[in-house]
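Chain lettering (A, B, C and D) follows the sequence in which the chains are written, and residue indices restart at 1 in each chain.
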Amino acid sequence: MSTGGGTQNTVQKLPLEGIRVIDFTAVWAGPHVTQWLAVMGAEVIKIESRLRPDMIRAYWNLQSTGHSINSEFAEFNYGKKGCTLNMTQPRAREIVRELVGISDVVTENFGGAVMDRWGLGYAELAAIKPDIIMYAGSGFGRTGPYKEFPAFAGIAEAFAGLCHLNGYPGGDPRPMATFGYADVTSAEHGALAILAALHHREETGEGQYIDLSMTEVVSSLLFQPIMDYTMNGRVQGRQGNRDSVMAPHSCYRCRGDDEWVAIAVSSDEEWRSFCDAMGNPAWTGDERFRDALGRWRNQDELDALIGDWTRNHAHYEVAEMLQRVGVMAGPSLKMEEVIQDRHLRERGFHLDVDQPGLGTWCLAALPWRLSDVPPGNYEHAPELGEHNEYVFGELLSMSAEEIARLEEEQVIY
Amino acid sequence: MSLQALSGLKVVEWSEFVSGPYCGKLLADLGADVIKVERPSFGDRARRCGPFPEGIPHLEKSGLFLYLNTNKLGVTLNVESASGAQLLKELIKQADILVQNNPPRYLDELELDYEHLKNVSPRLLMTSIAPFGQTGPYRDYKSCNLISFHTSGIAFVNPSDGVDDTEAKPPLQGPEHQAGLLAGLSAAIGTMSAVFAQQMTGLGQHVDLSEQEALASITRRELAVYAVEGMGWTRLKGSQPGMASDIYQCSDGRVYLICFHDRTWESWLEVMGNPEWAYSELFLDIATRRENWDAAKVMIEEFTREHTVDEILRATEPRRIPCKPVNTAKQLVESELLAERDFFAEVGHKEAGNVKFPGAPCKLSETPWSVQRPAPLLGEHNEEVYCGRLGYTRQDLVRLRAGGVI
Amino acid sequence: MDRLPLDGIRVADFTAVWAGSHITQWLGVMGAEVVKIESTLRPDLTRQVFRGMSEDCPMSAVFAVLNYGKKGCVLNMTHPKARELAKELIKLSDIVAENFGGPVMDRWGLGYSELKKIKPDIIMYAGSGFGRTGPDRERPAFAGIIEAFSGICSANAYSDGEPLPMATRGYSDLAAAEHGVFAILAALYHRSRTGQGQYIDLSMTEVMATLLPEHVMQYTMNGTVHTPQGNGDRVMAPHGCYRCRGDDEWVAIAVSSDEEWDAFCSAMGNPEWTKDERFYTGLGRLKNREDLDRHVQEWTREQDHRQAAEMLQKAGVIAGPSSKVEEVVEDAHLAHRGFFVDIDHPGVGALRLAGLPWKLNNVPPGHYCHAPLLGQDNDYVFKELLKLSDEEIARLEEEQVIY
Amino acid sequence: MSMQALSSLKIVEWAEGVPGPYCGKLLADLGAEVTKVEMPGCGDRARKRGPFPDDIPHPERSGTFLYLNTNKLGVTLDVRSRTGAEVFKRLIEGADILIENHPPSDVARLGFSYENLKKVNPALVMTSITAFGQTGPYCDYSTCNLVSFHASGMAYINPSDGVDDIEQEPPLMGPANQGDLVAGLTGALTTMSAVFARRMTGLGQHVDLSQQEALVSMTRHQLGNYTVEQFPWLRAKEARRPGVSEVYRCSNGLVYLICNDERMWERWVEAMGNPEWAMTELFADRALRRENWDAGKAMVEEWTMERTVEEVVRLAEASRVPCKAINTVRESVHSELLADRGHFVDIHHGEAGNITYPGAPYKLSRTPWQVNRPAPLLGEHNEEVYCGRLGFTRQDLTVMRAQGVI
């Protein structure tokens, strides 16, 4: 791999080198947690089974390639190792216990108390490895009436009140931008909790159990409308691209095909610069727009007039013109523009990686730069069971025969 | 709350630190409705100056600020923003008086000088306090207590009994904030006289008060003597004819004693037990005493050093010889004299708790000086003033705050 | 407009010396008709402070500068008939002012309760050292005594902390006077709306206490007493009065921020010592202010105090020359603003005296006539106001009532 | 107060608004000692941002500030002044982590670049959270939630099921500062990685976090679809890749319901009473369902429209089909579900009183998330930090306050 070639960099170590993670997570929320740990240098061993592959492997057009990899799986699982174990088999659970004995973290995000049913609950694991850190991610938490309930991001977002706030003024509540907004945000919260637990273990040698609820993650991200409600009993509505204070503050149509630019003006000074940048058309002299309150009260007219101006320019052009005079602005980027954006490119956010089955493609790195460590571990995402040899042979030092037998018995399967 | 002398007089105070706020306080203490306009977040500079309880700085606990701003309503306003200037004008429209002590140039830049503001409200009475006034070559000079004292000449005659070594002892500024306080006081008088002019004509006024002049006016005696007798004041002790009002060292402190005129001089000689030296030609009458006062002073101090302050007081008071101890603030606050007059006021303040501070400098029999409310918290009355008086909504307030306007 | 704010207000003025005379002087200049009542037996003390100005004008400069804008008449108040005339005059007045050493007015039967009977809406001003109530109500007092008692002398000191008498003798007199004027104006304003008069009891001691808030509150809040600062400051450094080239010439300089410090250094031509890192931060400058002041003075010694001040102000540094009395009188800025007034005195000619420190933009400059000679306006007062015939007046003069 | 996961970490937070403070809060909630440095006077600009109780703006009552700054110590410091800069470096000397979110050029101009600060404290982890990161052509551009959302592509794919009219419905910003919060969250995560890196080398790091990238990272799923499968993410509804997770209209509101794998689909069809349309070829397997989902959705909605939200949710959940009402925060705050988890916490604050806040997003069994102190008043801990830890005297505090340093 090119810029992302973390693991080739032998001079320095990655922050989590030496930490091993046994990873039962699937779909988005879980794998994104362990992906963070992997990129930071932890050895993440993703456990799947042919009987129970990560459902996003199997998602669309699996058949198109001989590989069990698609873009989504790759995006959420790079940097990890993969092995297969058929957990319905008692022996498989034995093997997992052995793995746990030489690991630091165990992660899962099943729809229910699956780990307990397998006899792999925190109590059992702590008995094997007292300082183990166990992460359990779920939609509603591992306690309470819904602890056994499957959930997806959209459900948590709807329940916590995010969908209600997302949408156009006067329109319906809408599902949040990316499928799995709650997934990715929970994933980062989860990774943070794990790092905190690891830090505590460094200090005290104590492990612990982490119980993350997606619904609560979303709720904590909605503190502002929540506190407006708990303080004032007010239920905020959908603001679209508008702000409760700033005006102009919206997304304006530009010249190109479905091209838009976002502009926000937060002070009288910025307003003056903005008018200058537009060449002070007569309407900017309008009394109603002279002060901040006036602009806010008359933003419908204001937005229309600004739209007339932006319509004659490219979105990048407007953004750069305004940023140069200190006005907050940015083009509303399409996916392809994000990939090509010269700024992101120059910062090396996109990494070109070889992914068997996908060829060389450009993945989205994790959004961090540390000044003095390698960029991170961006090894390609594992095929189903790609690292069985390493896991069972090297880590658990099983003989080739034993491994072969277990494969036959569909334990390693 | 009985009707006060200035009840109903509406004042906007767009001032900070000492001079403007003291002017506003004098009006507010007698019942004027004073709205103090402060910079959002930072507020009046005086808030940053001590004294603070236990010496721990706190925006709402500055003794200086608490004293200078009792009885006022407090709002925050950034006059540099378009929205802020608008609000200030709306406040001024509803007011009789604007008291401001901003630098003249700053006002011009904001186009909030008298010429502009009188178009907002033709009957506006605007009092402007500046270190050197609104006109003249020093108009835009900066100043502070030190500079005002020295440029007004008052420092040069301080201390009034001169110094023994003019090289080691430079001209001396007056104690903290005297300049600002006197400027504020003179401004309050200028303002009130303008109020009468306003009553006659219904027209506005611009009161232009210079701190330098407020102090120079205090040295009118020295200025006049110079004007008449061409007598240049030198600072060397004894170079001035004695006025025989002096500070004397006692065994346990100091007293201020005046025993100059024949009557008091004789009673004082009694107190000293009619010492011989006092009967020499040198001290026979006022004229000769004035000539030789330095000698007399030395002899008197020899006597006072032998006695305690109390002894001197007990001896002088029955004889009606003007004499008092040289007090510190401590002794002043604890003095029975002021207690009897029930001079110190006490007011509970949300943040600073009970604060004791100087009360009325003079008592008006029908319309008493009184404390209606403690100094405002920063922006405490935004809602009362902007919503209650100017008709904005609370949501507007939230926006104005977020925009840094209030 | 051509009228002064207090046109039509008449003041019967029994005040004398600094504290009293200065009050009625403000009122006079603002247009009130002030009738100062003295007696040949009891002239205002200040008439004779130092020698008189000339044969035709036997008054002192001090009297001249404290009493301009007034009329003067004589009445020998020891005489019952004189008190009758005083009452007549008060009936025609709006304000009565006094600052005797004790309850003299009561003894004369001219206490507030009496006056209220003959003029219900009268405003009576009584100025005293310790107030007209309380233990010391009868005690005579002079400015110095008040300043000592009120704590301002203790605050007025060089770094050695020796308490000193305040700058000008009568500092508290004039400060108290201004408070008195303000109180009178407030009372007038109240009367203009309610027809109510009142009694104003001013204590010079209390005036001075109100002018020492920082010191008083330092004590009431923390029970400790501020140390005097001399020319220094609790926060700013440099902050002092520095020796200059000429004869006893000094310049005052105050630096309140890093920016001003940099400006100050470059104004001095950035001498080596300014690079000393003890002087780099505001806190550092304050903690090392002795050394700092020494260095600053090394520089100011070579400078002319006026030029130095002007140069620094141009550079944005707070500074001013420490002006001698004669320099104040010559000061270009004060001259430009017309602070001084030239008043013609009989037999002396124009005198350049300190005016009052404020300007009103659309009223006349103020009523500045020379201070009255003893009894100079007897005719006006007794003939025009009290409508006495020439004979009566002659008789009363003979009986030493008008005397 | 039990030991917490990050109890040993000392953090200086020189940040305002949302991203930096949220980063600091996440660490403080787990026990890190965070000393928040605010500008004297105005403090964190979030203090100006609502919600305020009763909509009366007050710097100590901003819901935004209160939530983002619980568990922190608060000091004031003008790092632009020289004294302030010295004091700031003293704070840095004793810290493990510095969190800042100022434009790179400002930070450099003030002399606080990582290169300089690591000389003060080589073990320092400095986390810079800025609009577009420390490098690249846009590194000094400014941003806000709106601009970040759009510049990251998040807005372009919002809402995820596309819009009916791309001219009338522009790309859409996410609600309630999501763009800022994600940056803060990502910042906390990367800060912790730097802390682990330090374990090995004993040396600090500069963490360079770009808000734009933090958000782009959220769209990795769509980025993958585009880069690998060249799936064009257009905004028109029909152009969006249909998912079988959808919003359905009921008789009295909306529900969000997901039945995208075989078992769920079967259970759901059963719950709907096995309607015939569901048995047809069109919906035989997931691929076909996706092809024909517009039709499918219409049929499902016909069914849900005849029922209330409560009914639909009950029926769906009874057959373990993920489904919830589309709530407002009112319902979530009062929900038995979150109450049962003890998610919401009541925090008492000296100025703002008792308010209900969202609590822990996760539970750590041994080192709980907890509230140790409410958000600090402006400068509340000046004395504790400057005198208690850096050894300044109270007199120094008074001077520094008057100089505007603290």
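Just so it is clear, contacts are C-beta pairs under 8 Å (C-beta built on N, C-alpha and C of every residue); 3 or more make two chains touch, one makes a residue touch a chain.
Model, not experiment: these values are computed from the prediction.
In terms of the stated touch criterion, the partners common to chain C and chain D are B, listed by label.
Counting C-beta pairs in contact, the pair that comes out ahead of the other among B-D and A-D is A-D. The chain with its Cα centre farthest from the Cα centre of chain D is C.
Centre-to-centre separation of chain B and chain D, using mean CA positions: 53 Å. Distance from the chain A centre to the chain C centre is 76 Å, each centre being the mean of its Cα atoms.
Rounded to whole angstrom units, the spacing between the C-alpha centres of chain B and chain C is 12. Residue positions of chain C touching 2 or more other chains, listed in rising order: 234-235, 256.
Across the assembly, chain B contributes residues 49-50, 52, 54-55, 398, 400, 402, 404 that each touch 2 or more other chains. The set of chain D residues that touch two or more partner chains comprises 49-52, 54-55, 398, 400, 402. Under the contact rule stated at the top, the pairs of chains that touch are A-B, A-D, B-C, B-D, C-D.
Residues of chain D touching chain B in their complex: 40-43, 48-52, 54-59, 378-379, 382-383, 394-395, 397-398, 400-402, 404, 406. Partner chain D is touched in their complex by these residues of chain B: 40-43, 48-50, 52, 54-59, 378-379, 382-383, 394-395, 397-398, 400-402, 404, 406.
Per the touch definition, chain A reaches chain B in the complex via residues 244-245, 266-268, 290-294, 296.
By the touch rule above, chain B contacts chain A in their complex via residues 81-83, 86, 396, 398-400, 402-405.
Those residues of chain D whose C-beta lies close enough to touch chain C in the complex are 81-83, 86, 396, 398-400, 402-403, 405.
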